[in-house]
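The first chain written gets the first letter, and so on, giving A, B and C; residue counts start at 1 in each chain.
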Amino acid sequence: MPLWKVYHPASAFSADDKKAMAVAITDVYGRVMPRFYVNVLFEPVPDDNLFIGGEPHPNFVRITVDHIAREFPSDKAMSGFMKHMNKVLKPWIEDRGFHWEMHVDETPFSLWTVQGHFPPREGTEDERRWIAENRPSARTHD
Amino acid sequence: MPLWKVYHPASAFSADDKKAMAVAITDVYGRVMPRFYVNVLFEPVPDDNLFIGGEPHPNFVRITVDHIAREFPSDKAMSGFMKHMNKVLKPWIEDRGFHWEMHVDETPFSLWTVQGHFPPREGTEDERRWIAENRPSARTHD
Amino acid sequence: MPLWKVYHPASAFSADDKKAMAVAITDVYGRVMPRFYVNVLFEPVPDDNLFIGGEPHPNFVRITVDHIAREFPSDKAMSGFMKHMNKVLKPWIEDRGFHWEMHVDETPFSLWTVQGHFPPREGTEDERRWIAENRPSARTHD
């Protein structure tokens, strides 16, 4: 459900960095939903293909996220999430002197399938099974 | 209008596969809108740039779609569409043993132009002409 | 806030073209918001990775935009913006004989941070400082 895209300078992250960042992001969501919901896609961007304020920026990490499985109930929940995620990413981004920007969109739950299955609603028995087995399977309830 | 992005392992699809998938997707929309509305963009992803549940996944196809020209009128219409599209894609994805996930977002009709033209509304004479000619042209109605 | 993605044939734009396009786009937004809000990302697309209406299209520029900082108040404001942007891009796209399509999505203001800061609301003193300094800094108001 969350689809993270991390646009970064080609040399910014090693294979180990990318793995560690993906695990750190997944750990946040994995407390309340199946871990396999979390997709993290890294996209290296050549220096002359990204402009910030009309200037090339060789040192910028731009993150976009699509949320599908959950909607935030309030502005306070949104800002709490954003603050937490900025902290989670700090070791790889802020602490290394990168500039960065991040935004999240929320997209319709009913327009989402995993392996052809419609994911179960939050808090259902089916979702507990998806979490426990860490893989999608046929729903037993509507 | 529909903008499909297919993120796939670099070796997953041949040029013929990509063409055939694009035609199959376009055929679905082409029954009710101009064929040229359908954009399908393939993005090969190196193995160590995609993580599912915090693990690299060399065998995963991730599809995202933006819908602009039409909004689904109901949850039932949404789930019918998703089921149908999973079936349409089966020969290239499920039948070849890939894992996959797909989600659709709906974006504002008024923030969309093709060749600088604002596309006509559904069911109008202008839209019938765009379908018949399979190209955009100036609208004759508001 | 606006995140522009320009998908283009690999040979379509020189480094100077890309810089000039990014500046032209930034100039539009820069009249009402900090210039550094404007992100323009160019993504070259190999010929056999983009299909329009089920056919490869070697001559197509596809632009997607995410708006975060501002929402359009009306359909009229939306169409005025789209018309203006088509004109701004004309020298690099229409005048060179490319086909093109562009759409904009609007995403939640509260799910956005720059350098870990929540951007100030439109018209506030904090926003005036961000504009004047052309960089993010801690907010002095909620």
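By our rule, a residue touches a chain if its C-beta (ideal position, glycine included) is under 8 Å from a C-beta of that chain, and two chains touch if they have at least 3 such contacts.
Fair warning: this is a prediction, and the values are worked out from it, not measured in the lab.
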Copies subunit B and subunit C touch via same or different residues, half shared test
different
Note the rotational component of the Cα superposition from subunit A to subunit B, reported as an angle of 0 to 180 degrees in steps of 5.
120
Return the distance between the CA-based centres of subunit B and subunit C, expressed in whole Å.
22
Residues touching two or more other chains, restricted to subunit A: which are they?
105
Given the complex with subunit B, which residues does subunit A contribute to the contact?
1, 3, 15, 18-19, 22-23, 25-27, 30, 34-44, 66, 68, 105, 107-108, 110-116, 118, 134
Mind pulling up the subunit B residues that touch subunit A in the complex?
7, 45, 48-56, 62, 64-65, 72, 75, 78-79, 81-83, 86, 94, 99-106
